[in-house]
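A, B, C and D label the chains in the order they appear, each numbered from 1.
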Amino acid sequence: MPLILLPLLRFVFATLTISFARARKLFTILSHIIDAALLSQLALMLVRGTPEMVSVGGAPAGIGISLIGDQVGLTFAVLAWVLSAAVSAYTWQDKLRPYFFLLLNLLIGSCYALSFTTDLFNAYLLFELSTLASFLLVGYQRQPRQIWASLHYLVLSSLGMSIFLLGIGVVYAHCGCLDLTVLKTIVKASPGESWVLLAGALLVAGIAVKAGVFVFSLWLPAAHARAMPAVSALLSGLVIKMGVVGLFRLGDVFPIDLTLIVLGAITGILGIVYALNSYDIKRLLAFHTLSQIGYILIGFGAATEAGRLGALSYEVAHGLFKALLFLTIGEAAARAGGSDLKTLIENKHKIPRGTRIALIIAVLGIIGLPPLAGFDAKAILEDGLPTMFLHLIVLLMSVGTVVSFAKLAPVLFASSTHRASRSRVLSYAWLGGGIILFWPLSLLLVSPAITLHAYSGLHIIEALVVIAVGGALYFLIRKRRFRLPSEIFRLETSPLIILIGFFLIYALMILGQ
Amino acid sequence: MAAIIAFVLFGIGVVALVLRRDLVIKLLALGLINAASILFLVSIGDRPGARAPIQLPGDLGIVADPLPQALVLSAIVVNFAILALALVFVMILVERYHTTDSIRIEQEMAREADDQETPCL
Amino acid sequence: MTRDRLRIIFAVGIIAAFVGLIGITYICSSPDPADSERYLARAVEETGASNRVAGIYLNYRLLDTLLEVLVFSVAVLGVRHYLQQSEGMKLPNLSESEVVQTAVNFLAPLALLLCTFFAVFGHISPGGGFAAGVIAASGLLYVAIAHGIQAMNAQLNPVRLALMEKVILLVLLAFVLAPAVAGRIPLTELLPTGTPGKLLSGGSILVYNILIAMKVFVGAWAVIAAFAQHRGEL
Amino acid sequence: MIARWILLALLPIVAGIALTQTRRLSAIIGMGLFSLLLAAVYLLMHAPDVAITEATIGAALVTAIYVLAIRRTGRLAVVADEAPGLIAREGDSIVGLEYEILEGFARQIGLDLSVHFVPLRRVRWLVAHHEADLGAGGMVPLDSGEGALASTPMHLETGVFAFPAKRRSFNVEPIQEAPDYEGYFSELLEHDKNGTLSTAVSSLDLARVLSLGRIGASLQDLGRIDGQYGYAFLIAKQRTRLQRDYADYLTQLRASGQLADMIERHFS
């Protein structure tokens, strides 16, 4: 029952928020308390070994829409709850229209539903609902650049969803069902058939547009960099992850391990390369979202227990620190008058102290300083990588992360008399606490043996060396400028690149059988 | 056969989406792409000699598969929602830039405040 | 010039390759219609709706339909939000000629009739709440064309309509949630299924159809009115 | 069965034609037609529910909102090339003779006036494609045979002057065309500074020649082209009703002596 109530109650609260705008704060608190209760009930059932599973509609599982509260789904739902709480606290005192909170609730509701659903078409509708909600959220302030970024987002994501719909059609034509648990047995029984490859490639390409995979999510840098901080945090922390959860679910059914690894490596490396060359901090964060998705995909594609758990923990960890980064940078940029590095450095004394401390925690988290969230998740993930080559790629990405975040160093240290508002500090503390206490919390998700193994001396030394090397490299290359193609981000080219990406996925699936 | 037509329509839609510069026509092309995937779904449920899926119990005639049709109803509405919202955003952009040409809007936007990275350090 | 042409050739080439690849692979994989018989074996008795599409749409896949209604509501809300913010302005009257008036006097009741038919008999014959709502809204558009949107808006207060929309959405959600709170999980066992083919059959489908029709009517009219009132320069 | 094949084959053709239209309205109506065809195809594919939904939503509702969106009611959209004295920006406001005439005309027919400044070539394109109602800013009437464009009665006399190809000798071929430089007036001044004026321009109307002279460009060797010239507005040929309305307004303006007043005020 909690499985259905979680999303539906959010939808009810969404409608209530817009009907009774005055009681918004009450509804916000109420919805979070109810969600927490429902989520803990689900977690209890999962721990007992009987994850809840329901089939909505008067048909048995496999025909009606099935929802399942398994590990992947529950992790994501908890992340959604945490980020929703953080964003609610962040916007507590802002004068925003009820419309904003309606969209927020719808977005969170669709995240809950997506994390549990095993039905392809239901997932399609949830993706579209979240697309529309975040589309409106990005353009909320009506600035032309936001509107343009939003439009770009809608066009690409709708193209991706059409490709996804074609995939659903191919699946249905051959299996006569859309439920992933049933599909799994059918696909396993017919390995290497051409329709499996076609359907898999179409579905993966469609979701990849939403999942922040580099050659597909070309709308992402603009949309994430231009939206309001609270919206960027949700987009980066949650909406992208909806696609990632979709890929996880597909990964259980279709043979796409190799595809995920290669896509992960591409998006990881290219994201870093673009991030290195970004001096607008919000844009840098947006490119980093792409690169961090790379870790998650590589971890999941490795198809080992530790890799999978590492990917899940990294998904949560990334949600925490990326949301915190966007929120703090957003406030800093608002105080400093601009989000490019120069303005931030010049006005760094205007950044409130609480914000700065939170920013430091988030940066340390993302570059993987032990024992913060980034380190823990990355270490678990690395334990699960089967080959040396993958290790090397992941190391390269870590170094790149450090190099690009070294740019922020001058902003981090200054004295300031400004103070952040209490609700904002609460929101920072909530996320920052999550980053610091990630290790004890991750014991809920990952078995102690694996977590403890992550804290071996080797990993700690590796993390410190990476940070040192990254810092040193930054001083070597910081004067260099290089031009990267920006043509691919234009509306005229990006649909073509998505189609080229489809060929790539198709080829990788043929190779990966 | 209908499936092939659906794929061709999908292709026409993407061509127009990429090559036409007018934003309104881009949106129409997007609608065509969605309509093409919807046509593909409907074509799956159809079978030779079938009737429409409306029958009383005990009626054993061959009918078209009702599931794709039910799915498609939702997809059509989603398509409408996308087209309407995107149109509103295009209208806002046009009010600002007085043109629907996507390339010109991009140029204007770049001129307005250079979005390119301002190097520093 | 040549660069443009190259671009076009490149684009068309890639898209043709995409279409060719999926088309050929799909045809060669020769889908067998028998694979998708699963849904045909059941349905009418279980849902009590002789229109099987309605049975699946509002029973097996109720959650999808709910999401679809939400998507539609988001669209309506977005359109209204963005188009209303432009300053309040005097509304232009559309045309008012005699011929149009006469045509409308004939068309508007027809639209109303169709709407009722589709909503009430949606579980027995083709139709359904969504189409019904849109038809009613377009009927209203005819009336607006004849009498002017200004007169229309005076009679249908947009604020009251918006309130009505929210209330209908809440009732709809409550209707979906009621079985879940009562612990009856499939969400569809609220009303008896009845004999297929009769008006009062199909469990809650009839109620859902009418609710959705009302919701969509209000929403679609709001969208049309917002676009009609907006004096854009597109 | 055959009907279905025919309809299916028609789909790509209709879609292709609709999406290659230059006029937006035609494209929208074409796609509406496409949706109707699609609904018919669905009906023949034994999917009546889908057919009804597609016909009501895809064909009716989408087409309705797109048509409503692109119709410019309540606005007289004017595109203008900036021409000092006639119609030009001055700070935040727009001034000039043509602006005053247009303002009065818009008031008379009960519309809001909205003016956008665009380069000259674009003025013609926009008016010809019905994207704007009138083109203004020193438009010299065109030969009536030219494409989809027509011009209103003249409201101000002017002359057209030819720039020699090389500054040395003055040997001007009579040029029939109106000013045919590209770009804003301010861009013309750039050409003057660079000394590339004569290659950028072949002929200019009086207002622009005067303002060039005022800024100090050298106007030697300039030759007046024979013929009667005057300023007018550009309008699409098909907009006969608007043409008639404007002609009536101008006659009225002239008869009441207001036009002479305006010209006096702006050019003395």
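Following the convention adopted for this analysis, a residue touches a chain if its C-beta (ideal position, glycine included) is under 8 Å from a C-beta of that chain, and two chains touch if they have at least 3 such contacts.
Note that the coordinates shown come from a computational prediction; the quantities given were computed from them, not determined experimentally.
Of all chains displayed, B has the C-alpha centre closest to the centre of the whole protein C-alpha set.
Taking each chain's centre as the mean of its C-alpha atoms, the one that lies farthest from the centre of chain D is A.
Put simply, the C-alpha centre of chain A and that of chain D have 48 angstrom between them.
Chain centres here are Cα averages; for chain A and chain C they lie 32 Å apart. Our note on geometry: chain B versus chain C, Cα centroid distance of 16 Å, whole angstroms. The set of chain C residues touching two or more other chains comprises 11, 15, 18, 22, 26, 31, 36-37, 39, 51, 53, 57, 60-61, 64, 67-68, 71, 74-75, 78, 82, 126, 128, 130, 223, 230, 232-234. Multi-chain contact residues of chain A (touching two or more other chains) are listed as 121, 125, 128, 132, 136, 139, 142, 166, 172-173, 496, 499.
Looking at chain B, residues 8, 10, 14, 18, 24, 38, 44-45, 52-54, 63, 67, 69-71, 73-74, 77-78, 80-82, 84-85, 89-92, 98, 100 sit in touch with two or more other chains. Taken together, the touching pairs give a contact graph of some other shape, not a line, ring, star or complete one.
Chains touching one another, given as pairs, are A-B, A-C, B-C, B-D, C-D. Only residues 1, 4-5, 8-9, 11-12, 15-16, 18-19, 54-59, 63-65, 97, 99, 102-103, 106, 110, 113, 121-122, 125-126, 128-129, 132-133, 136, 139, 142, 166, 170, 172-177, 193-195, 197-198, 202, 496, 499-500, 502-503, 506 of chain A touch chain C when the two sit together in their complex. Partner chain D is touched in their complex by these residues of chain C: 51, 53-54, 57, 89-90, 92, 118, 126-128, 130-131, 134-135, 137-138, 141, 220, 223-224, 227-228, 230-234. Those residues of chain D that touch chain C in the shared complex are 24, 47-53, 56-57, 60-61, 64-65, 68-70, 72-75, 77, 112, 114. Residues 8, 11-12, 15-16, 18-19, 22-23, 26-27, 31, 33, 36-37, 39-40, 43-45, 50-53, 55-57, 60-61, 64-65, 67-68, 71-72, 74-75, 78-79, 82-83, 86, 124-126, 128, 130, 196-197, 223, 230, 232-234 of chain C are the ones touching chain B in the complex. Every residue of chain D that touches chain B in the complex is listed here, in rising order: 5, 8-9, 11-12, 15-16, 18-21, 24, 27-28, 31, 34-35, 38, 41-42, 45-50, 53-54, 57-58, 61-62, 65-66, 69-70, 116, 118.
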